[in-house]
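In what follows, structures are represented as structure tokens.
In the two complexes below, subunit A is the common chain; its partner is subunit B in one and subunit C in the other.
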Partner chain A sequence: MSKTIKFKLISVFSFISFLIIWQICTDVLHLLPPYSLPSPIKTFSTFFVKISSTSPDGSVLPIHILASLQVALLGFLSGAVLGTPLGITMAWNKKFDMMVKPVFDLLRTIPPIGWIPIMILLLGIGTQAKVALIFVSSFVPCVINSYTGIKQTSHIHFWVGQTFGATNSQLLRKIAIPTALPFIFTGLRVSLSVAWMSLVAAELLAATRGLGYMIQIARTIGRADIIVLGMLLIGSIGGVLSILLEYVENKFVKGGV
Partner chain B sequence: MKRVFTKEKVQMALWGIIGLMSILLIWQISVMVTSLGRIMPEPIEVVKSFLISSIKPVGRYTLLQHMLFSLLRVFVGFSLSGVSGIILGIAMGRSKTINSIASPIFNMVRPIPGVAWIPLAILWFGIGETTKYFIIFMGGFAQVVVNTMSGARKVDKTLVGAARMLGANKRQEFFRIVIPSSVPYIFAGLQISLSTSWMAVLAAEMVSSYKGSGWIIITGMNNGNTVQILVGMISIGVVGLGLANLMRIIERRLCSWRIQGQ
Partner chain C sequence: MENTGTVTAKNIMIKCNSIFKTFESKDDENEVIRNFNLEIKENEFVVLFGPGQCGKTTVLNIIAGLEQSTKGEVFVNGRKITEPGPDRGMVYQTTALFPWLTVMGNVEFGPKSLGVKKKERRERAQYYIDLVGLKGFEKHYPIKLSGGMQQRVGIARAYCNNPPVILLDEPFGALDAQTRYLMEEELGRICTKEKRTIVFVTNNIEEAIYLADRIVLLTNCPTTIRKEYIIGLPRPRDYTSNDFLTLRKEITSEMDETI
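And then the complex of A and B:
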């Protein structure tokens, strides 16, 4: 018991000393100019200023966050809703699998970020292009994971089902899908983090609002405090999203692997 | 029974060709019939341009040279993140003190995707090669640390106990038991990290560069040259596939005992 407290204390101490060293290097000793690394206090105060201030990029912080979240969730949900059934169908129907797999294998080798230019060229720099991009990037892990999940269902379980006279659709709904659920959720988790990352990349290249756009504009005018703030927000929102998904997973998946 | 062309394989190839053909046909028809033809080229044109640009330079270099430049960047950044990630991961997995010192800072940095480091990296290092190495490093580092850490933690206690009973010292215990049993986890981490590195280099090149695969597609976008974008995408896909297979081959060599056991 006292050992856990000791390690907790070390953690707290290390974090605080990290902040203090950072503060000393920037504000006290001025080892680095403020346009390349802001002090933690400056970053913290920028957060409160940026909530209501539109400078320098034309929108307040909540608008940027909402814009990014909206696009990310829209793309992620459509990718998951279409990708998971496709993976299940591919694993369940042999002919369909043989027909679609080569095409899918070809498309999935291209990383999500490689899709950005063509999407922007075809759909413009608005929401459409970004949703399409995130759709592609979250679609692929969903398909792969639900496919593997169904494929690794134990044959013995199927035999038991068949012995008791289960129909094909019953085999799928009662045996294969429940077995595959943990895999499907892993796929969703991977998709979500990939989706969030490719959204930031897309916003760096072409956007009018969003967190990626905010840090890109801040770079061009040398406002490192906004960049660091934006990065921390991107990190923590990504973390919160994956915690939420884990919560949903624990509700749905019974037993576990 | 050493017939290579079983009925199943022939059927598989046949259906695969039908699938690919129908995609190409849909592409061809939609370009010819709808207004998509104004921005999308025909598939044959892309293949032709791909072959031409392997010899004729795009910008300053040929397609192959651009791919090599990107690969070189990935190689440097990935080696750095791999080596330091494995060291930090094992240290955090084996020592509770190091873990409790490093984990609060690590957990703050970990969820930030490599791509989000681009603006800060440009402010710090300019737009040269160092920036790209740094972005690739940040993109791949966290994944290696997380996987190595869980590998180093999941070492079988019975094995460690047996080694101690047989009189192994600390060093032997570490090199003979801990390292080999975390190798599969390390490889899983390296594999993910390599594909993220490949993505990070593209993003870095798209934001600021004058060579590399990311440069090809972003210049294609800026000039409205769809053929060039598609050629770039094909080359990116080929390299990505090659990298993934390379890792799998290395893993099969180094962890053969595990793959046979599965």
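And then the complex of A and C:
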């Protein structure tokens, strides 16, 4: 108990020191000019202004955040919903695996960013292209991790199931999938962070809204405060998302290892 | 030797009919069982006792249907064994509990697979959890339990499915001596209360004498039956009684000749 409190105190302390050092380097010592790195105070005030201001990029901050979240979550969820069952089926069914794996292995080595040009050609620069990109980038880790997870099932556990007369589908649902669950969640976690990162990359190239777009516009007109604000928001929203996922994982994965 | 007294075909539960087993790999053949014949009566407690690596687990796995014999067949209750099934419960050498299920979840796994209604299987699971002395631990996950407690769960899980045959593969091999004695006493108690046909594998002579109706002494690999001992000592048995110690000496010296 006291250990976790201590740990939290240290985290808070490190965070505050980071802000203080940043403040000293900028506003106090002027090591860096404000047009290249704004102070934390300046960034904070930009944050409050930008909540309700549409300049310079045409949308208020909450709209940017929502736009990014919407694309990221849509892409992530569809990647997870299709990728996880695909990985499970590949690991469970040899024939299916032999059929699908070569194609999957070829496509999975293409980095998410590499998909951007073709997505833009196919689907334009609207939401669809970005969702498709996020889908591709979260799909791959979901497949790989659920596949690996199913393969981890101990043969003794299968034996136990068989001596209890479990059917093939019971072996999958009651033994292999529970074994794979921690791996499946690893896949989801990786997917989520990859999704979030490739989203920003996509928005830098082609968008009309979203945090990446906001940063991009700020860069063209030299608004370092908005750039830094965007970066911090991307970081913290990514953090919040993974905490939420961890919460869900703790609900589902039981018994620890 | 083959025929232990006046066994009628009717109450023979397990029959191993000249079993041979050779494991084959690419460039190697490993003959593990050579002409193994055994008949086990209903509700008999048979201990397969043999040196390490002699093939005890393989014999048990063949009876369980988890492994196929190279030659010969096994009959359980008159039916030829080709695959594992709910008529033969198994307790494994290492803990084979499902870590993602609670004690209750593990114990009720068998009846649940067979579609037994929740209320009935809960009651049954609870009965066996109590029987192995784990009352109050129903909601614990295996990782939180000691080795001895985990094997108790394994035993309860095997019993809960109500199989006529229970196969135990050195279930106490990984436990410390103290816990081991305790578990042997518990299993002895459970077996007098809940009659089943039991095949118990061990390489511990005290354990064998303490639990067995009959000890089947196995030879080294490729293994077969060397000698059988009917253990008539009254239960519960006393590890330190003279009869116990005499038997122990007799079997041990026989065993030493084997090696």
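Basically, the second predicted complex is superposed on the first by the 234 of 257 C-alpha atoms of A that agree within 3 Å, B and C clash if a C-alpha of one lies under 4 Å from a C-alpha of the other, contacts with A are read in each partner's own complex, and residues count from 1 in each chain.
The working rule: a contact is a pair of C-beta atoms (placed from the backbone, for glycine too) under 8 Å apart; a residue touches a chain by one contact, two chains touch by 3 or more.
The structure presented is a predicted model; accordingly, all values stated were derived computationally and were not measured.
When both complexes are superposed on subunit A, subunit B and subunit C sit side by side without a clash. In the superposition on chain A, A:Val253 makes contact with subunit C only, not with subunit B. Of the two partner chains placed by the overlay, only subunit B lies in contact with A:Lys8; subunit C stays clear of it. In the superposition on chain A, A:Leu181 makes contact with subunit C only, while subunit B stays out of contact range. Once the two complexes are laid over each other on the shared chain, residue contacts for A:Val100 go to subunit B alone; subunit C is not touched.
Taking subunit A as the reference chain, the count of touched residues is higher for B when subunit B and subunit C are set side by side.
Of the two partner chains placed by superposition, only subunit C is touched by A:Gly161; subunit B is not.
Applying the stated contact rule after C-alpha superposition, one finds that A:Gly239 touches subunit B and leaves subunit C untouched.
Contacts of A:Ala91 after superposition: neither subunit B nor subunit C is touched. In this overlay, which is a superposition and not a single complex, subunit B and subunit C have their closest Cα atoms 5 Å apart. Subunit A has no residue lying at the interface with subunit B in one structure and with subunit C in the other. Across the complex, subunit A meets subunit C through its residues 154, 156-157, 159-167, 170, 174-175, 178-179, 181, 253-257.
Residues of subunit B that touch subunit A in their complex: 11-12, 15-16, 18-20, 23, 39-40, 96-97, 99-105, 108-120, 122-124, 195, 198-199, 202-203, 206-207, 214, 217-218, 220-221, 224, 226, 229-230, 232-233, 236-238, 240-241, 244. Interface of subunit C with subunit A (complex): residues 64-66, 83-86, 88-90, 92, 94, 96, 98-102, 109-110, 113-114, 141-143, 161. Those residues of subunit A lying in contact with subunit B across their complex are 7-8, 10-12, 14-15, 18, 35-37, 95, 98-103, 106, 109-118, 120-122, 193, 196-198, 200-201, 204-205, 212, 215-216, 218-219, 222, 224, 227-228, 230-232, 234-236, 238-239, 242.
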